[in-house]
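Comments concern the structure below.
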Amino acid sequence: MTDKTLVLNICGAPYASLAPLSALRFAKAALATGHKIQRVFFYQEGVTLANGLSCPPQDEINLTKEWQKLAAEHQVELAVCVAAALKRGIIDAKEAARYGLEQHNLAEGFVLTGLGQLVDGMANADRTVTFNS
Amino acid sequence: MASLHQLNAQHKLANCLKLLAKTDSLVLIEAAVALAVQADFLQQLPQGVSVFALSSDLQARGLLNNCSPAIQPLSDAEWVAASLEADRVCSW
Amino acid sequence: MKASNSFDLLVVFTQPPLTASLAKEGLDLSLVNSTFEQQTGLIFLGAGVLQLHPNQQPDILALKGTQAMLQALGLYDINQLFVDEQALLDYSLTTADLLLPTESCNPLQLQKLLATSRNVLTF
Amino acid sequence: MKASNSFDLLVVFTQPPLTASLAKEGLDLSLVNSTFEQQTGLIFLGAGVLQLHPNQQPDILALKGTQAMLQALGLYDINQLFVDEQALLDYSLTTADLLLPTESCNPLQLQKLLATSRNVLTF
Amino acid sequence: MASLHQLNAQHKLANCLKLLAKTDSLVLIEAAVALAVQADFLQQLPQGVSVFALSSDLQARGLLNNCSPAIQPLSDAEWVAASLEADRVCSW
Amino acid sequence: MTDKTLVLNICGAPYASLAPLSALRFAKAALATGHKIQRVFFYQEGVTLANGLSCPPQDEINLTKEWQKLAAEHQVELAVCVAAALKRGIIDAKEAARYGLEQHNLAEGFVLTGLGQLVDGMANADRTVTFNS
């Protein structure tokens, strides 16, 4: 049962759902028991975790930072569905330029990408686990 | 070819029950752990389904000690193991 | 039941604890409402009665929970908490089990609270 | 029922039309899945059967709807659509009423679809 | 002192029914208009409740012609009027 | 029944809910029948409508722009709960400076404000109508 490859699919927003927090618990437990998280995909409202401008109260968990930390420590890819993100106003510098916007907000460590990355992940990982809103 | 059904909200139970086979398992997560202390929950399930609930989610809501003995609390590590032992995870 | 209740705002909690930040946002609003000298009543409906379940430990999930806010209600003169009698039965609870003093209400009593309040918000 | 179905991905629709953008996002994923040569099956469960209700006019709400995407499924070789027999009864529908050809399934048949698919996503 | 209950999702009906008095009204909006074509919906309501559903929401989902005759379709202007005629709007 | 004062309380996000769209329909019908919208308050996930970086597909409705237009034409106040907004990464230039952030994204015409504006609205308007997620 050790050394399996996992893909996590996060579809719920922080605050409106517990999806990013539950997925974080799952990811930590998976890594601690010898498995690999190949990719975390953010779809639907889940893309809002990648908003780099969120300022939670100081005494509350900052889920965006927690995911950035986990991804950096364990080389986990944080892939954000670009179509879902643009609709919801999560945008990197490159897309902002393309849309003529002066500001951008994609948090460091997250990458805008296509739905194909989720499909590829589901096809190749040993197990895909979704966290809904 | 058993599935692990991951349920995170009480109101999704009706749809989950439509796909829940008697050889499948069910894990209650997040606020759906409230079902673990609800009087008529277990009798809605097909006979034979193994029912789990995440220990931390129960404890965070004060429900660990009230949880029905027919429902097995799972640590996060056991949750990962159950997700890998099943043939697939169906998240509601 | 205090039959003459008439609230400026009735806040209705319908979800179990730690369902997104719904309960916290309902309590934030209740407290602000009170600082504006508006009479506030709270109803815990359905799974919302679990908001008052004792022994909650939200810190286990690194979450904040609402226990401190619930304890602060009295300081804001919010003392009228009503719980859904049927929900207590569904979750095998009595008012004595709950975190705060509450009044248990049958459907007609709950409906009367709504019928005599100026505004209502559900969380 | 085509008993030998085995899908790489089963996409389950559970909500009525125009419930947020859930159905659209499920269909987007189905189409992309197909372009990756992955076998895709769709289940319309509970109120999800209404996704296939005829005469939808989402433009009345200035919304886009999913009719064009549903019509495109065939071009992507997605021809296996299954509907929840009980839900058809609940909404007084038959498969003949629906926008696309579908197969009506009882609970055991629905459960078998899940048991023989590699991955599943619910919308 | 009647309330207008504004319901926007089917799964919220159970809680709505707890506060719905027989002198109140109910308006189905958004995806909850699916209830207007559901076989056993009306018999769950207390006798006497007036039931409305937004016309545009029904029509957008193809349900206007299937809507039970006991449910009155409302234009957006009638929806505003009903919200003002009631003593309060209770949105679920 | 004419000339009533209304407050709308929008608690659901665009895409994840129909709250901003239903409220827009309600507001237009209310204005067309002679009533006044005193204030629109955005709470919970509703604050995400005020994200000025959202880029919906060109053939889809842009709800942020629709609300900006309605507000400008009818002098409607678009009040966004500041605590709910900051948590979710909806931030104006002033708050961004306070938090040391280089970017900001509050859409034009929206104002960050306290929950008191909702309480004040409910207390004084003839009717408050909430649009949930």
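We call the chains A, B, C, D, E and F, going by the order they appear; numbering starts again at 1 in every chain.
In this section, contacts are C-beta pairs under 8 Å (C-beta built on N, C-alpha and C of every residue); 3 or more make two chains touch, one makes a residue touch a chain.
Worth saying up front: this structure is predicted, and the values here are computed from it rather than measured.
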item	value
Chain whose average C-alpha position is farthest from subunit A's own	E
Most distant chain from subunit B, judged by the mean position of its C-alpha atoms	F
Chain centre separation (subunit B, subunit D; CA means) in Å	26
Approximate Å spacing (C-alpha centroids) for the pair subunit B, subunit E	33
Distance between the centres, which are taken as Cα means, of subunit F and subunit D, whole angstrom	34
Residues of subunit F engaged with two or more neighbouring chains	15-18, 25, 44, 60, 83, 128, 130, 132
Residues of subunit D touching at least two other chains	18-19, 21, 61, 63, 118-119, 121-122
Residues of subunit E touching at least two other chains	30-31, 56, 88, 91-92
Residue ranges of subunit D in contact with subunit F within the complex	18-21, 61-64
Touching residues (chain side subunit D, partner subunit B) in the complex	12, 14, 45-46, 84, 86, 107, 110-111, 114-122
Subunit B to subunit D touching residues, read off their complex	1-3, 12, 14-15, 18-21, 24, 87-88, 90-92
Contact footprint of subunit F on subunit E as seen in their complex	6, 8, 29-31, 56, 75-77, 79-81, 83-85, 88-89, 91-92
Residues of subunit A defined as touching subunit B within the complex	1, 4, 18-19, 22, 25-26, 28-30, 32-33, 35, 126-132
